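What follows is a single structure, written as structure tokens, with notes after it.
Naming follows writing order (A, B, C and D), and every chain is counted from residue 1.
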Amino acid sequence: MNIFRRTIPLIIAFCLGIVMIFRYYVPHQSAEDLLTKYGEWVRIIGGFSIVLGLYSLFFTHYTKIKRGMPGWGYSIFVFIGFAVMVFLGLIKEFETFLSIISGKLIDVTSPFGSWEKSLTGTSYDWIYQYIFNACGATMFSILAFYIASAAYRTFRIRSVEATILLLAAVIIMIARVPIGGLISHWIPDLADWIMEVPNLAAKRGVLLGMCLGSISTALRIIFGIERGYLGGGE
Amino acid sequence: MIKFLLNIDRRIIFILVLLALIIPLKSQIFNMPVKPTSTVEKIYKKIESLSQGSIFLLSSDYDPQSRAELYPMHIALLRHCFRKNIKVISMTHWIYGVGIAEEALKKASAEYNKKDGEDYVFLGWKPGFAMLIIGMGQDLYSAYPTDYYGKNTRDIPMLKNVASLRDIDYMIDLAAGATIEPWIIYGSDVYKFEMGAGCTAISAPDMYPFMQTKQLNGLLGGMKGAADYETLLEKGTLVGENLTLEEKTNLAREAMRPLTAVHLLIIILVIMCNILYLLTREKK
Amino acid sequence: MTPEKNNKTIDTILLIIFVAFLLGINIFLFSGKYLHFDTQGVGIVVAAFLTLAMYSFLYKDNPLFKIAEHIFVGIGMGMGVVLTWLQVIKPLLYKPLIRHAIFDNTPGTPDYILIVPMILGIFMFARLYGKTSWLSRWSFAFIVGGGAGIGIPVIINSLILKQLEPSLQPIFVDWVVTWQSINILLILVGTISVLIYFFFSLPHKGTIGGISRIGIWFLMISFGATFGYTVMGRMSLIIQRIQFLLTDWLHIIK
Amino acid sequence: MNCHYARSGLITLIIVLLAFPLAVLAQDKPSLMPPQDFIAFDTPNDDGKSISLIWKASESDREGVYYIIYAATSSKGPWKEQYRVLSTTRFKSDAPQYFGLSKDNEKWHFYEVTDINENPLSITTPTYFKLAVTDGTNTIAFPGIALSMPQGNWFDTSKINVLVFVIVFSFLVMYFISLARKNLNLFIRHIPGLDAIEETIGRATEMGRPILYLNGLLDMSSLSTIASTSILGKVARKVANYDSQIKVPCYDPIVMSVCQEVVKESYLEAGRPDAFKEDNIFFITNDQFAYAAAVDGIIVRHKPAANLYMGYYYAESLLIAETGAVSGAMQIAGTDSITQLPFFITTCDYTLMGEELYAASAYLSREPLQLGSLKGQDFGKGFIILMLVVGTIVSTIGYPFFVNLVRTF
């Protein structure tokens, strides 16, 4: 049984890894096709996995409701939101489902099914615009408050490092609004210099180190040294 | 007291931020002239140099969540083109961007009495990203057989001489995500048209290398980029030309007032908390 | 009453006032014809409610936020399912393969090779039964192994080499020192010192300690700059939300 | 009508006659020379969609002089003009990905043909080409026909530097891993954030509150997620030993199921399989801000004693970390998302930056194999530093050797 549980997955990872490395050097069309196909397959597998997510989410909230745990009432909203979205999103897809039941093929040719070229005016779009985007954009914009309070709490001249961080942030902040340029043209110039010289250097350093780290992790995966992703030894 | 101020309830800061945003939005406080940056000027000059009837492609690849940062420059660019009688092709790679792209085009074209099909075309959305760009580079009519409203692209008067991306005079990608790079790699590098870009403030620094290599001729970064462009547009108006009310509403420059206020607020808060911090340290 | 209980009472009162205020304003907006009773008008009201409910979290966790949060999670999940069907399963699996199995008159020939990813996908379900959960490892290995292989040359090409190329600029041309020379030198020093900070097999003492300290300074400048740079982007987002509330909803600002 | 033509023809003639002596007088330009060495061949290093045409640059190349390329699908024609190439453009040196960086390339014109008569090139029958040069008045043709057929190539020589890097680096890592097998005492410097994990877990146990662990927003094939799950394994084992609780809200279903496996395994290794609760590792949603909202809710309601954020994050980083910081939890972050690092640095007690995240699992496990690969990475960094220093010096002296070495196409 060990063969199926451990050896085969490691062989799959090894073979695919090696093939994918060497594929990169082949300009032939078939190499390009291989990559596209692989990408599609991964998306298909990922598509199935959403069922796992659904199961987990529903299980969590179903248990909450069933056991009457504190705040169970809110869990109902998860189900409502989900049901409404799926119903409206797939409303026209029911043609497809109907066709399966009736045994007759109805061809919906566009790549997005009934979506054709736009969502404008559909009920799906209404939900997207007024519910989903309202929540998302608001959550996103809460960052504005947080960035201010984080600055107030943490920008303190505790050490040399903290002072440097603070100064850089203040200079860039003042240079990014018209007042910076009005005080002196040096301020926007200095800000540009910070972005283009020390900032670039630091990012480059982090990036180079990180690349080596990720390559070595990838190599460990291909050669079966890193097995954490399979879920431990056994 | 100092202790209290140092560990101030953050909700007070939230209120201050909110006030710093709303007060300048309602009044004219912090109304300051905007000094355009050179990267923005390059785009402005490029469009200024285009002759009447040139073809300009605008790919607006952002969704409502990034509307705040990209919509103002979207409008400013369209106004500039229509003012110069440049023909605009508008499209998007993002399905959630269709609504905004259409809205912007309708708004700007109405201001200048431009006609669909003659002065501008809205191609709408299609899937494919890089593949779509390559397709448009080979044959625009087969990549987009119809425009957004279902008209046959071959029959649209404005597209008569636009068979592929090679016939584009200038192109700008307004991106909230990673669409600028594919446009460079699969579009402008291959089909040899000049290209500029507009992006959110946070991704602007990542675009500087492309300007070094001249793959982008200029860049509009976030709200400041749009405000710069609006300033240039206003300066560029001919003497005696009257701006309409719509043209005077400059979305990004309106936003510069609250932005200035809130930046100053944060800087003042940081300075204040550091003075307090030093005071507590001295006591110890 | 204990202070905690007192707080709770205050919160409840606040919540009731807030909800009543919302109701009142919306009734006023609809009756005053500021908003029309159509999809757009109702949409704006719903969006305004959710926006304020989300913002109420800034004050404190509360029932309104909890409702908005749970709806948001449900809708987000629903969108995930819809998109998975429309963008993945339908075009990549249903149309080229499954449809052929169901109908006789499907045009084209079925793409049988797709059975492989389908089986690997079904193996994921094995996770749900303890005994067979090892089957899902095959799928993990397929995804992770391939990903690792794709990554290696791409990282070397587009990150390492692409970053090295502009780093190898001549410091000065014809022995003329300019601003540019100083900048190039600074970038070089910065990059190297940051790289040295990340050395794991050397203790941060002596020279190495000194250089890595410089590396940290460079990092701090970069972090500070990114922080400052991001402020404007985030503030723009909130201006948009405020404009939505004040213009689209309340019609206070034109 | 006829009269009109005749008149305009006459005017043209007069102009030409008048201009002729001037043209003779201005004889500093060399007269038009016939094209030389016109060759067609399959474009190297490509996917088999194009044919390359090359011919020698001549002294008469200047503004106003064009090369005309004709093509046909058979050697007998019909010939049709396809492209006009300005004689001062299109050189072999424009395409170093095909021809390398030799100086000689500047002396050859090069044109890459991908279609004729707006159809893609045939890959089964050859395509025929003719070349002519014109200055507007005279046209001289190349005496001969070139033909070729496009072919997909199996090795891209322009990417050889990438291959060398892959091989050198793989060798370094594998070598140090094998060395590590023999020598078990490899030094590794302190990573303060990781030293704090143990303390954090102890504190959580004392307070009787859970530990929150996030994996970031990428899927299982990303390296930061892999690093994160393997750190989770080590953390979960300590949590099991301390008899504390760990909560893992997930963004991706596959990551969730891997995490369940990993944590279960760790509890088993710690001898506490009974204490493992699968419900604690759960899926929220795969939408960025819905996830952030839900995690914020968890932080506020469950008040975890410690929050560990390992993996790749986007804008939600500050939304989560700031809520965590205000809730009073001890926070340790680790991310390879450079743009989000500043927000973790300011809101967390410890932050693992970039590579430190990948090193964390080796650091925590102290497994020689993993430590060996860290050593390999360090040598890789040493190699890069050496290249930076030597390369800059060499290019300052005036040799672009190193720049060409790392050039990518």
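Things worth noting here:
Basically, a residue touches a chain if its C-beta (ideal position, glycine included) is under 8 Å from a C-beta of that chain, and two chains touch if they have at least 3 such contacts.
Quick caveat, the model's predicted, so the values are computed rather than measured.
When the interfaces A-C and C-D are ranked by C-beta pairs in contact, the top one is A-C. Greatest centre-to-centre distance from chain D is found for B, with centres as Cα means. In this assembly, the C-alpha centroid of chain B lies 26 Å from the C-alpha centroid of chain D.
Spacing of chain A relative to chain C, judged by their CA centroids, is 6 angstrom. The distance from the centre of chain B to the centre of chain C, each centre being the mean of the chain's C-alpha atoms, comes to 21 Å. Chain contacts: chain C has residues 54, 57-58, 66, 68-69, 72-73, 75-77, 79-80, 124, 127, 139-140, 143-144, 146-148, 151-153, 156-157, 160, 164, 167, 188, 191-192, 195, 198, 219, 223-224, 226-227, 229-232, 235, 237-238, 240 touching two or more partner chains. Multi-chain contact residues of chain A (touching two or more other chains): 21, 24-25, 42, 46, 49-54, 57, 71, 111-112, 115, 128-129, 132-133, 135-137, 139-140, 142-145, 147, 149, 151, 153, 155, 165-166, 169-170, 173, 176-177, 195-196, 199, 203, 206-209, 212, 214-215, 217-219, 221, 229-231, 234. Within chain B, residues 10, 14, 201-202, 205, 224, 259, 262-263, 266 each touch two or more of the remaining chains.
Across the complex, chain C is touched by residues 11, 14, 21-22, 25-26, 67-69, 200-202, 204-205, 209, 212, 222-224, 255, 258-259, 262-263, 266 of chain B.
Note for the complex: chain A touches chain D at residues 21, 24-32, 42, 46, 49-54, 56-57, 59-60, 63, 71, 132, 135-136, 139-140, 142-143, 146-147, 149-151, 153-155, 165, 203, 206-210, 212-221, 223, 225-226, 228-234. Those residues of chain A whose C-beta lies close enough to touch chain B in the complex are 111-112, 115, 117-120, 125, 128-129, 133, 136-137, 140, 144-145, 148-149, 151-153, 155-157, 166, 169-170, 173-174, 176-179, 181-182, 185, 188, 195-196, 199. Chain B makes touch with chain A in their complex at residues 8, 10, 13-14, 16-18, 30, 32-35, 37, 63-65, 95-96, 98-99, 102, 124-127, 148, 201, 205, 208, 224, 227, 256, 259-260, 262-267, 269-270, 273-274, 277-278.
Those residues of chain C that touch chain D in the complex are listed here as 54, 57, 61, 65-66, 68-69, 72-73, 75-77, 79-80, 124, 127, 133, 136, 139-140, 143-144, 146-148, 151-153, 156-158, 160-162, 164-165, 167-172, 184, 188, 191-192, 195-196, 198-204, 219, 223-224, 226-227, 230.
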